[in-house]
Every structure is written in structure tokens, then in C-alpha cells.
Amino acid sequence: MTQPTTSRFPVPAIDRLPDDIRTRLVAVQEKSGFIPNVFLTLAHRPDEFRAFFAYHDALMEKDGGLSKAEREMIVVATSSANACEYCVIAHGAILRIRAKNPLIADQIAINYRNADITSRQQAMLDFAMKICREPQSVTEQDFTALAGHGFGDDDIWDIGAIAALFALSNRMAHLTHMRPNDEFYLMGRLAK
Amino acid sequence: MTQPTTSRFPVPAIDRLPDDIRTRLVAVQEKSGFIPNVFLTLAHRPDEFRAFFAYHDALMEKDGGLSKAEREMIVVATSSANACEYCVIAHGAILRIRAKNPLIADQIAINYRNADITSRQQAMLDFAMKICREPQSVTEQDFTALAGHGFGDDDIWDIGAIAALFALSNRMAHLTHMRPNDEFYLMGRLAK
Amino acid sequence: MTQPTTSRFPVPAIDRLPDDIRTRLVAVQEKSGFIPNVFLTLAHRPDEFRAFFAYHDALMEKDGGLSKAEREMIVVATSSANACEYCVIAHGAILRIRAKNPLIADQIAINYRNADITSRQQAMLDFAMKICREPQSVTEQDFTALAGHGFGDDDIWDIGAIAALFALSNRMAHLTHMRPNDEFYLMGRLAK
Amino acid sequence: MTQPTTSRFPVPAIDRLPDDIRTRLVAVQEKSGFIPNVFLTLAHRPDEFRAFFAYHDALMEKDGGLSKAEREMIVVATSSANACEYCVIAHGAILRIRAKNPLIADQIAINYRNADITSRQQAMLDFAMKICREPQSVTEQDFTALAGHGFGDDDIWDIGAIAALFALSNRMAHLTHMRPNDEFYLMGRLAK
Amino acid sequence: MTQPTTSRFPVPAIDRLPDDIRTRLVAVQEKSGFIPNVFLTLAHRPDEFRAFFAYHDALMEKDGGLSKAEREMIVVATSSANACEYCVIAHGAILRIRAKNPLIADQIAINYRNADITSRQQAMLDFAMKICREPQSVTEQDFTALAGHGFGDDDIWDIGAIAALFALSNRMAHLTHMRPNDEFYLMGRLAK
Amino acid sequence: MTQPTTSRFPVPAIDRLPDDIRTRLVAVQEKSGFIPNVFLTLAHRPDEFRAFFAYHDALMEKDGGLSKAEREMIVVATSSANACEYCVIAHGAILRIRAKNPLIADQIAINYRNADITSRQQAMLDFAMKICREPQSVTEQDFTALAGHGFGDDDIWDIGAIAALFALSNRMAHLTHMRPNDEFYLMGRLAK
């Protein structure tokens, strides 16, 4: 039996973290009731922590052509392709909450092609999966196809960049053997 | 948006089914509170329905070296490799209940190598995945490795045969576009 | 040199088998002149033996949109993709006999895309191979394409279900190291 | 139904071929009773014909550490991996004759890992398949492993070079849609 | 003929960039004599630009167990696996300069297993490639193997994190169709 | 550190070679200033040397629908897919010279889909890569598509045969651990 841990690398004590990082951890704990392990794991490297969350916030918290739930769909679909338990479990919870749909995260994680989503969202995930799995195969035809679903160039950058950021994130989770907090599993499953 | 349906093939009216099949459907409905869609979908072909559930019961309901929860682990791991939403969702629910563990099904579906299971169960799933993905690569070394974890020859037949049966089952689910009942998603998540 | 055997699992003595199974073995021996090793191998598990052959007969012995030779083409093509020597050799023999064509089984086993078959049969095997190799990629477009070759929905169920059954069968043959009887190699090669 | 042809490229009339090529075709016809289609197909390009058969004869007709039957085993195993119907059928016939074994070619074509061959021959085919499928993964460890089975460096060159030559040959057969002569299918199956 | 461009997305005029970004572009131009296209391409999104280069500098410019040339080896090997022309060409140039070796970048890009590097560097690149291609397969055995080559846990984080960052970077280059500047091709090839 | 060598097999002394082979080596040395290692490596087997270079010259030195630079593009693209450092480095040099373009070889080796070539050349390389990677998937549709770019049947034979010959050549280079001469790396990079 693998002994559950937050990360296979050292996790710093919160009171010894740089001020800006400690402040962020306290804020997320107050909001969520627990500190997601990605914050504790990446805090081992403060500069990389700051760069990662700056990148994350720039792509995941913005307004624009993609809803916040759609951004999470991209994370769940591509993280499942990379067998990343941290990102599927944690972002699956966020997706259920943002989409107000208790079924959607499991559907997208297992087989997004059959999920209860729009054809526009299917096209969005097809492109995200191409960036995830064989990014060298992207062509102008992909941009044209996405435009046919109403995605502008900056929406397409967002889709691709989110898939690219989680290509990094999934790899960091596997490298650090990052464990999803137990709290995530049930979040968003009860209230619709 | 894909319109949710039980199956892309005709689903027979329950009162027009052969007696033995209707009896089984009524029994499962009384026990579970709903009829899992696999029963309704396969009832389109009564002879295949009978053969499938005879095979299923012979492997999944028996006592022996594998616990019933372990048998469900094999189903969830291999069905996830085949992106089969019906089997992952439905058998994930059964696994949570049989293992009395609300986290285990998601862990095994996403990445069984990091799941909270014993090394004996890891070896069991490694072999099941080999039968699932590249059965031609099975050798006597696999039997020796499994014996080192206490699995006898008949346990190994069970592991392999369950993986083989769900190689069939996953393909039938994809062929029929079989939809998991909504009830499965939350089963076994609340009580530990 | 691997020592030839019927199965790596115990093969029961025929006179100790349950009556129904012994009767079937005697019947096939009288018809064929030998007992194909699949009967001896699966007899180790009588309940699974009964379920397997019930499934087999429901799909392979029926009349309908697919000829019996076409059903065997599906078995040979998908079993070759799974490198299953038992099923390719044994069902290759049956295919030669049912198609009255001594060349067809080898052609389909090696490269069905270049075999001497109709374009309708090519489409049938394309779909069977999709069920065999990547069943999650089946879409309504496959049904439409097959309808263009005259296949009705129940024919398509047959194609998919045969491919699914031999996904199971090939895995059982690899699990048990099932050896094709020498008699199969030459059957159907001499008379056209 | 694909219309059977020798090659999708023009096949020259025998009496218009250069003398040396015509002489070879006449000789093989006198010996075999028919002209294998590879001779007719490649005769479209006399210089390439000469280079191909010079290469072929240098590797396949020589004496040395590998028997002629073993050289044909390499051809059949690697050509099957490339789904090359010409080479599997034609060289399968030659293998049956050279090995005086009517079963061996089908066994090697379908799944050489379970064929009735020695462990030395298994090691030979493992290496040939590595050259066929992922030649960049060859290391000194392969040479050491083969030496443990009694293969000297020049035997290993032969194994690799035969696999390399048929990497070319299989591709030419697919390019030209080369059809195996019907005569090959039964050769070597009757006399042991 | 594809018309060469810096990026398929808009490239902002330098004098309209935020001060911090313009300052970095001016500095790199003064040092290198040209502005690498990655700076111009990512400047389309200032927040992502800042996050990317913060991440990059944290991993690529630091001192520690890996030399700067070794860090570039990781970039070149993994970017080649992703067929990323920008990163292979640009970081190949930097690698030649940092390693003072005009051959090393091409060797690593084409087949790092045969490159003129130490066995320690081979192990480093084996792990980087695992993070690149199948990060879910990382286990403690990888850490043990790397420790045997003298890599501490923080070196291993660096190797994995560089591979992860360029998993992102390669995907952004493909998304934006980022073109390597012509200047990179010859850099570091003349002086040894 | 791997010790650089020409070949892992014995390299014969030039003055002990058969006259015809020695003559060719002297000629190439006089023309190029060095003897490319492929000549020294294959000279270990004079008959195979003669067959290889006869095949090579028949395909690479001829006039016809493909320019000599285009023939080298096929070699570089397919050899890169096979991770063959000898052929990518040596034929990359020849390609730069024949195309009078110092950038083209690296572009094609890393990702020919984004190289600065015509759409006709893209189609040529698409077909060459199909012959390289999955030759069994060639159909008449490929011939039709190539005809649309002005390629006649004999041009298509050339494209396919060059890809087939280097399928052999790449495998021989990996088998012999053939090392590219240092001189190739810089050839054709300075003069345009």
C-alpha cells in the first residue's frame, strides 16, 4: 500500500514561506477550507511557484470567449489523457462547481467524445487534445474549423495555452507524485 | 448537445421481454431502485443477453482467491483503458460499495499505478492491463510474478477472464452507445 | 523449443465432464474427426464454457444479413490484429470451407485491405477492426457508411458483436496459451 | 472486388527484357513452374531489379551460421509485421520447404513468440523484429544477448541485414501492390 | 511555399509594449544582435510573457547540479521529440555555444542515445524523455537510478521541471507557428 | 562517453579491398576530401556494398521528374523519422548543397510539415513518410493525390523506392552503429 503523502519532495512549513506565498496559501485555505496540495508541493520552489500561479491566473481567471467552466473542461480532458490524478480530481471538482453539473467532470475525464456538451465544446476539446497529444499536427485548418464554431483567434490561443500549461502541470504532478486532497472527490456532486 | 438515450439500438418494452429476462430486470430494479442500462440495452438480443450475464455471473459473483471488490477493480481499470464510460461509471459505483471506499474507483480509473491499493493488487491490475492491451505478450514469467503475490493458477484465470469479458463488454457499450444511468455517479461516495 | 500442449491450464478428462459438455465434445469430434482445443481448454471451467458457446452460437450460427463466411472473415481479421494463433488458424480453416476459397483466409489474416473481397466486405471489416482496436472511436458516421453498403442496424450489431466476442476469445486463447490443432492448417486448402 | 493483377505498374513483356533479366526469369520458371510476381514487377526497372536480386542473393543464398530456413523465418516474421502479403505468402512457401515443416510459416507469421522454434531462433527473431520496428533501439546489449545463443558478429549482421532488406522489399511490394502468385499458398503444405 | 512569418498571431510593435517587456527585448537584441522570435510572439500576451520568462529564468539560468549546457541538452532532446522546430533550432544554437561543441546539438536532436555524451548525461536525458513522453510512468526506481549517477533530488526536480516547461513551450510554438530566426542555424558551428 | 568509431563491425584496410570498391573509395575521397563512413562500413561485405551502391545510384543519381535536391529531401525526412544520425547528417549536407539552401535540411529533419518547401514537395514528403512508417496503408488515392501535383507514375515509384531504400539504409546504419563523419555537419551551411 503506497503511503499517502502530499508530495515526494519536501513540503515547507507554512510559517517559513515567503510572505507572498504564505498569504496566498492562507487565502485559499480560508476560501476552500483546506490547502490544495499543489500549493504545498510547488512552494518547495518559490520562484517556480510564483511563475506557475501567474501563468495559471492569466489563463484560468480571465473573462473572455471561453467561460470558466469551459476552461476547466480543457484541464480535465487533457489531464485525463496524461493520467494525472491530481489535476483530474482537483479540476474535476472545480468543473462540477463552475458548470453546476455533478456529472460533467466524470464524463469528460472518461470519454469527452460522449459527454453531455455542445458541439462547440466538442470542437474546443478536440483542439485541446491535439495540443496535448500531437501539437506538431496543428494546421490552419484547425483554426478554420474552430472559427466555424465561433472561436476567435484569441479564444484559440486560450484553448491551446491552457492545454499547454497543463502539459506542464501534469508533468510536475507526476514528477512530485502530487496527491489530490480527499476533499476534492465529493465537491460539487451533491448540489446541482 | 448529444441527446441522452439508453442505447442507439431499440430498447424493448419490459412487458414484452421473455419471462426469464423480465424477471431479472424486475429483480435488479427492486434491489437497486433502477434498471441499469446494460440490462435494457442487451435485452434487444435475448440470447446474447443470457450468454453475457451467465458469463458475468460466473466470473463476478463467485467466491475464491479474489474478493468481489478486487474483481471490480479489474473492471474499472481495464474499462478506463478502453474509455468506456458505461463500465467505468457503473462498476466504479459497485467498486466503491464493495470496497467501502469512496475514493478508490476514481483513483483506479485515472491512474491505477498511484491508487491506494496493495502491491498484490497492483500486480493483479498490471496483469489485467496486459490482457486488456497486449494479450499476445503474456508469458510464463507473468504467472511466476503473480504466484509471488500469492495468486494461484485459478486466480490468474479469473483475472485474465474478467479482463477478457470486459474487453467484450466495453466494445458492446461503445457499439450501442450505452449511457450510464445518472444514479451511478453518486453511489458509494457518501458512506464509508 | 516450446513443448506443444493443448492449454497451460489443466484439461479435464472427457469422461469426467458434465453431461452437456461431454455431449458437445463428442458431437464435434464425430463431425470434424478431432476435438478442437478450444473445447478442451474451456472445459476447465464448465460455466464459462457454456456461456462462451452460447454466445458463439448466437452470433456465428445464425442466418441473417451476413453470410456465415462473412462472419468468419470478421473473426480472422480481428484475431490476426490480436496475434491470436488459435483463432486465426482454426477460424481460417472454417472460413476457407465456408467461402469455398483456399486463398481467402491467408489474405485476410495478413492484410485484409488487399484481399480478394467486395467493397461491402471491406467496409464490414473496417468497422470490425475499429471495434477491435479503438472501439471508443465509433460514431454515427460509421453507421451511415455501413448503411451505404446495405448493412442494416442489426447487421451492424452482428459485425460489432462478433468483433467484441473475439476480443474476449483472443484474450482467453493468449491467457491459456491455447494451441491450434494441427488438423486445421490444411483444411479447406485442397478442394475449391 | 479488387481485380487481381501482378503489379499496379507496367509489367514488361518477357521477350523485351534485357538478356540477363530474361535469363533469370526463364531459369526460375523452369525451376518453379511459374514466375513469381516479384520478378515481373521489379523488371519494370532493370537497374533496380539487378541491385535487388544481387542484395537478395548475397544474404539469402549464402552458407554460414544461419540455416537457409532460419533466413526465411526472418523474412516471414518481419514481413508479417509490415502486413506484406507478397512476402508472407511467397517466403512462407519457401520456409515450409526449407524447414520441411508445413506448420512453421503460419505460426511465425501470426505470432512468432508462440511458434514451435528453438529459444535460439526466438532470440534471432526478437532481434530481427527490433531492426524491423524500432532499429534505433539497438544497443550492445542486443549483441551480448545474441552471443549468449551462439551468434557471432557476422551472424548478427546477417540477421539485421535480412530484416533491413525486407524493410525495403515489403515497401516495394506495397508501393507496387504486388500480388502473390496463387501457386505459393499450397507449396510445402502436403509433404513433410 | 509557406510564407515565412514570426508568428501566426499578431506581433506587437516594440514601442507599444509595456516597459518591462520592451526593456527585455532591447537587452536581448543588444546582446544577440537580433530579437529571437519567441520574445516577439509571446509579447502578444504580456502576462503570459512575464510568467513564461520568469519560469524559464528560474530553471535555465540558475547554478546547481546541472551545468547550463546540460539544461540545454534537455531542451533540445525533448523539443525534438515534439518536432518543435523553434526550440530545436534556437536552443540547439545555445547548446553549441554553452557546450563549446559544434556537433552536440544535432546529435542530441536526431538520436540522443548515440550522442557523444557521458553515461550520466544519457541517464539525465532518459529521465527527461520519460517526463516528456509518458510522465505517468515515473516511479521511485527512476529516482534511485538517477541517484546512482550522482543526481540529488533537487537536480531531478530540475531535469523534470525543464522537460515540463518545454512541454508547454513546444506546444506554444506549434500553436503560434513560431518561426526560428535564421541567425540561429549557424551560431556555434564555427568556433569550437 | 561513447568512444567514437566508424562502425561497430570491422573496417577493412583500404589497400586490401577488391579493386572496384577501392577505386570507388579513392574517387569519393578525391572529390569530397574524406571518405564517408558508409563506404568504409559496408566494405566489410563487398557483395552487399556493390548491391547497395548500385541501388543507390539507380535512384539518387538519375535525372527525371524529381530534382536531385528533392531526392535528398526524401532521404532526410524519412531518416529523421527513423532517428538515423548517419543519414540525417550526411544527406542533410548533400541536401544543403544540392538545394543551395543552408536552412532546408534542419527544417526537414525536425518537422518537414513546416519547412520552406512547395506544396508539391509537401505532398511528395507526405507520401514518402507513408512508405516509411505505414507502407500497408498506401492506396490508389495516394496516386491520385500525387498526380494532382504533377507526379507521374514513375515519379511516384522513385519517391516510394527512395523511401524504401533508406528504410534499409537507416537499419544498416543502426545495426552497424555507423558514425557520421565530422566534416558533414558544416557542409553547405556557409555559402548560399
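Going in written order, the chains are labelled A, B, C, D, E and F, and every chain counts its residues from 1.
We adopt the following convention: a contact is a pair of C-beta atoms (placed from the backbone, for glycine too) under 8 Å apart; a residue touches a chain by one contact, two chains touch by 3 or more.
Remember, it's a predicted structure, so these values are computed and weren't measured experimentally.
K.L.:
What is the chain whose Cα centroid lies farthest from the Cα centroid of chain D?
P.N.:
Computed centres place A farthest from chain D.
K.L.:
Over half shared numbers or under half: where do the identical copies chain D and chain F land at their interface, same or different?
P.N.:
Looking at both copies, the contact residues mostly coincide.
K.L.:
From the centre of chain F, which chain's CA centre is farthest?
P.N.:
B
K.L.:
Name the chain pair with more contacting C-beta pairs, choosing from C-D and A-E.
P.N.:
A-E
K.L.:
Averaging over Cα atoms per chain, report the distance between chain A and chain B in Å.
P.N.:
Result: the chain centres lie 29 Å from each other.
K.L.:
Using mean CA coordinates as chain centres, what's the chain B-chain C distance in Å?
P.N.:
That gives a centre separation of 24 Å.
K.L.:
At what distance in angstrom does the C-alpha mean of chain E lie from that of chain B?
P.N.:
Taking the mean C-alpha position of each chain, the two centres sit 45 Å apart.
K.L.:
If a residue has to touch 2 or more other chains to count, which residues of chain F qualify?
P.N.:
If we look for residues of chain F contacting two or more partner chains, we find 83-84, 111, 136, 177.
K.L.:
Inside the complex, what are the residues of chain B that reach chain A?
P.N.:
Residues 1-2, 4, 80, 83-85, 88-89, 102-103, 106-107, 109-111, 114-119, 177, 182, 185-186, 189-190.
K.L.:
Which residues of chain B touch chain C in the complex?
P.N.:
Residues 8-9, 44-45, 47-48, 50-52, 54-55, 58-59, 82-84, 131-132, 135-136, 138, 140, 143, 153, 156-157, 160-161, 163-165, 167-172, 174-177.
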